Amino acid sequence: MTLRPASVAELASVITDAAAARRGLRLIARGTWLDGGAPVSADAEPLYLDAFDGIIEYEPGDLTITVGAAMSVAELDAATAQHGQWCPLAPWGGDDGSVGATIATATAGPLAHALGLPRDLVLGVECVDGTGKTLRPGGKVVKNVAGFDLVRLMTGSWGSLAAITRVSLRLRARPAVDETWLVVTDAAADLCQRLRRSVTPPIACEVVTRGTLGANSPDGLLVRLAGNAAYVAAARDAVHGAGDAQRADASAWTPVRTAARPQATRAMLDPAVRALNDGVKHAFDPSGILNPGIMG
Amino acid sequence: MSAVTPLEHARAGLDSCVHCGFCLQACPTYLALEDENDSPRGRLVLMRAVLDGRVAIDDADVATHLSRCLGCRGCESACPSGVPYGHLLEAAREQLAAVRPLPLVARVILWVFARKPVLRVALWFGRMARDTGIAAELARLPGALGFPFAMLASTAREPARPWTPRAAPTRATVATLDGCVMEGLFTDVNRATERVLAENGYALCAAPGQQCCGALHVHAGDAASARTLARANIAAFEASGAEFVASNSAGCGAMMKEYGQLLADEPQWRDRARAFSAKVRDASELLAAAGPRAGATVPRRITYDAPCHLEHAQKAGGPALQVLAAIPGLEHTVLDDRDQCCGSAGIFNLIEPNVSELVLSAKMRCIAATQAPMVATGNPGCLMQIGAGLVRDGRGAVARHPIELLDESYARQER
Amino acid sequence: MTLAASLRAIVGDTHVLERAAELLVYESDGLPGYHRTPSLAVFPANADEALAVVRTLASAGVPYVPRGAGTGLSGGALADGAVLLGLHRLKKIIAIDPERRVARVEPGVVNVSLTKAATKFGLHYAPDPSSQTACTLGGNLAENAGGPHCLKYGVTLNHVVAAKVALPDGTVVELNADDSGYDLLGAFVGSEGCFGTALELTVKLTPNPERVVTLLADFTSIDDAAQTVSAIIAAGILPAALEMMDRATVGAVEASIYAAGYPTDAAAVLLVEVDGAAAGLDEDVQGVDRICRAHGARDVRIATEPAARAKLWQGRKKAFGAMGRLAPHLVVQDAVVPRTKLPSLLAQISAIGAANGVQVCNVFHAGDGNLHPNIPYNANDRDEADRVHHAMVAIMQACIDAGGTITGEHGVGLDKLRYMDALFTADTLDGMCRLRDVFDPDRRANPGKVVPIRYCRERRPNTQMAEGGRRMADATGGQL
């Protein structure tokens, strides 16, 4: 029988049963990033979370949104765009993955340098931990220091502590002007550093190599400028001053993002820090049933 | 003790403290000793505990931490609640003095300052020690032993160049407070003050019968002696007929500006004291109001340290800077933390030498960083404290009153 | 050897306080009204001494409470019979790396000192709690402190890249933002001293903006002012700060030495700051100006010069202290609501104040929806104190009901424990305790804070203290 709980209560009971039986579970929402972490034990049973979908609460004036964790990044983008807003997650790997997976893997993207990492954008979660308990840390307001920070703990935990069912996110108003340029240069990394430190930094810049943006596309730097018209005009001048700049379509970011994949690793940890990691795992998934082995 | 203790009298002031801690970084003794009991917030808590009967006024810790306060009132400038810290400290010290006598050295000094003839003799001996070079020799004695002699030695000066003010008296009439230490050890600065005031259009009048301002007494908790001195001064300056009472000593000026509060409970003096206080100005305030007139170029590199009783007590830090800015050629390097106390604080450096030295060493580090050969500051205590620090560090830098520099500027023009 | 003697051997005689009179000031932090007496206070001078102190307390099994400058507003640094570990002497800025734009500092460095030291590189430390002239970076880390400019620049969490932490058992761990594994640094930030004590932290420095403009808009209706806040954010302008003060607050500020020239007859004023590249800034300034006027602002003042801007800010930064003038005591609250709920919440707060006969002064980070309703009162008046208490509980409940939270930047500490049940489920609170147990299985670090005791099943600190003291005495053959 396929494990596909329809509610948080059902999910909790599935996990409780699995914990009692010490049966491993493989968390799957949209199934796009299953190769991201270290291999999950082969005998782990798939646990489908796609029922936790859709917008749960969205008051555009608050610039926050609460969605089911299985909602795709693309759907989130479309829903917020209707109100001139966005959540600048834009994770590596593309927009097909779920919001929950983006948070669970803490997968950043080209916008993170300027607009924040997933840990900076997530306000609250609902999740069921490895003991079958439902936790609702954080909230849906943009500033919150009530209690110990289980939200940050779950962000980037790769589903090894809890199954995330709901995510509240911070939104921004979409910039009035948003344009992408390709600067043809063989010193793209230097230029990227320079632009980021300029008075009109771009919201994203990534080094691209020959062929990334289609056959015969040159080596260079893909740059995204956003803000009000006067700001973007000044930023554009800076980009043009840096080399041969060609206007590019926003879709140019897709191949750049899909070329990368989130990867989990726990290598190189200091023994004392590793001990804390083990302690955390034991505290929230003492039976070791959630995505067993995913963090190495 | 009377039915209402000085602290009870000041309860409203204590109540205004919200324990926010903004005063901590403004407190030189907290920065030096790193214990909140040696901070304004801590001392206010101790005062409140005394008031509420949780701690006895003669508790050794209460005495220690209240005594260690410089009374610089730097905290008042940082306090958003407007806690009248200086008055609370004086009230607490008055209460403390009733049960716990001051150290012998403090009692001797206060006794002398309250008696003009005795003070004159004492200052004469001081000048002798300075002018014969004995003070400079003894300044080399280690630690607190040599420090008072270094203070004395630092007051030595080349005689000022003679010049005569020529401006017509177009401004108000002014009587100056001679001041005990100023007249005794900084005689030239007093004469220079009279000259530059006259040069800026003020008409000077004499005020015979004036006494010590009483500041040292109030700060030490001897309010009774201070009131006696205050009454004498009010009478003397009233008799002078002057529109303003000027002081070139920030500590004395601050005290006289507070006579109104000091005598608030004496019905026959209250109004006269208030009227008197309203006439008091730091000499720099009068000079700044007049410009002051620019003189000749004084090609010197200086830094400026703000006396606490000008900056925090009188809240009149600007005019002294205006005076310095009016002197052509003066190169002014801004002193880091210039609004922090130097550790002089009246006679604090003599009764709490260790704390004073810690506070002074922080000041000396900032002064050294400016590499200026001259520190300007407008208060005798600060001049001697910083002066002593400079005498002992051997870099050859000196401390001078801002008015000396203005005087020099006018004198150079005369030549 | 007694515990005090062991600690004196580490930090020197003058830095251990035991006598009742000397512990009085350490009974409170920046939130007046709460008093808890520590068993003793110890002030190490550097990281080595601090670690030795933590290890001594660990082997004695004694609970302890870390404290920075004691400016916190939730009673978080109060030690009820526990040892108070003051970290204010660890005030060295170890290194500033202008190239990488980070600074390594000891936890006792005062927030504004770091900005002062970074100025010569054209950098500053962005989180700016109103107590920044006094509070320490270690305290900011423990509380995940905010400040007016966090609207644009983010809170402490977003600016800490590493921390060297002494766990309560004396183990030292280095937590880094880019560590693989769980986000332990993220969990540590804001843990209110319950997970251990930072001995050193590495924080980001932010380039000073090319241009800064501060606007002051005054409104005759508090509702108009609140609507303006939402409108500015919705228009896509992200101000560096967007602060609101109501009439009572403006009155207090204008009566203080920090009078900023705010119009005292306004129902509310908004202080808006926009900063960044010179290019495009004027458009944002004009946008804010236009939105304010469209929402009924009587006047909008625009300050561009540093002195004029500083004056406008001065009143805001010192507002809390200025309320000290209004009455002998002050309750300071901190709650967050969704931005669109601000107008209705402010109306509710006003009604609650009126119903309880108390005066609520609102001064807050409006752009974040982060309210600070403060009530000046006289705690010696039992009846008034009760009314204040009722009003505060009602206000907090209204914020929770509006989908908000009970603290945006002050922390839970002692003061907000009572609201935790209304905000979180028992399972969530239990989860928080489990996280705490990973860092501090003995629950000796800042006991009795953040999560109500029944979820964490803590022993009473006083009992624990006595037990620990006995264990210490046994271990050394001496007496406590």
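By written order: A, B and C. Residues from 1 in each chain.
Following the convention adopted for this analysis, a residue touches a chain if its C-beta (ideal position, glycine included) is under 8 Å from a C-beta of that chain, and two chains touch if they have at least 3 such contacts.
The structure displayed is predicted, hence computed values, not measured ones.
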| item | value |
| --- | --- |
| Chain hops separating chain B from chain A, counting only touching neighbours | 2 |
| Central chain (distance from its CA mean to the mean of all protein CA atoms) | C |
| Most distant chain from chain B by Cα centroid | A |
| Selected interface, B-C versus A-C, where C-beta contact pairs are more numerous | A-C |
| Centroid distance [mean C-alpha coordinates] between chain B and chain A, Å | 63 |
| Centre distance in Å when chain A and chain C are each reduced to the mean of their C-alpha atoms | 29 |
| Chain B and chain C, separation of their C-alpha mean positions in angstrom | 38 |
| For the chain C and chain A complex, residues of the former touching the latter | 143-144, 146, 150, 154-155, 157-158, 167, 171-175, 179-184, 186-187, 189-191, 194-195, 207, 210, 230, 233-238, 276-280, 282-284, 336-341, 365, 368-370, 403-412, 416, 420, 423-425, 427-432, 434-439, 450-451 |
| Chain C-touching residues of chain B, taken from the complex the two chains share | 15-25, 33-37, 39, 41-42, 45-46, 49, 54-55, 59, 61-62, 65, 77-83 |
| Touching residues on chain A, where the partner in the complex is chain C | 59-64, 84, 106, 116, 119-120, 129, 133-137, 139-150, 152-153, 155-157, 161, 172-176, 197, 199-200, 227-235, 264-270, 272-274, 276-277, 279-280, 283-284, 295 |
| Of chain C, residues touching chain B in the complex | 14-15, 17, 19-22, 24-32, 43, 69-71, 88-89, 110, 131, 133-135, 256-258, 318-325, 328-330 |
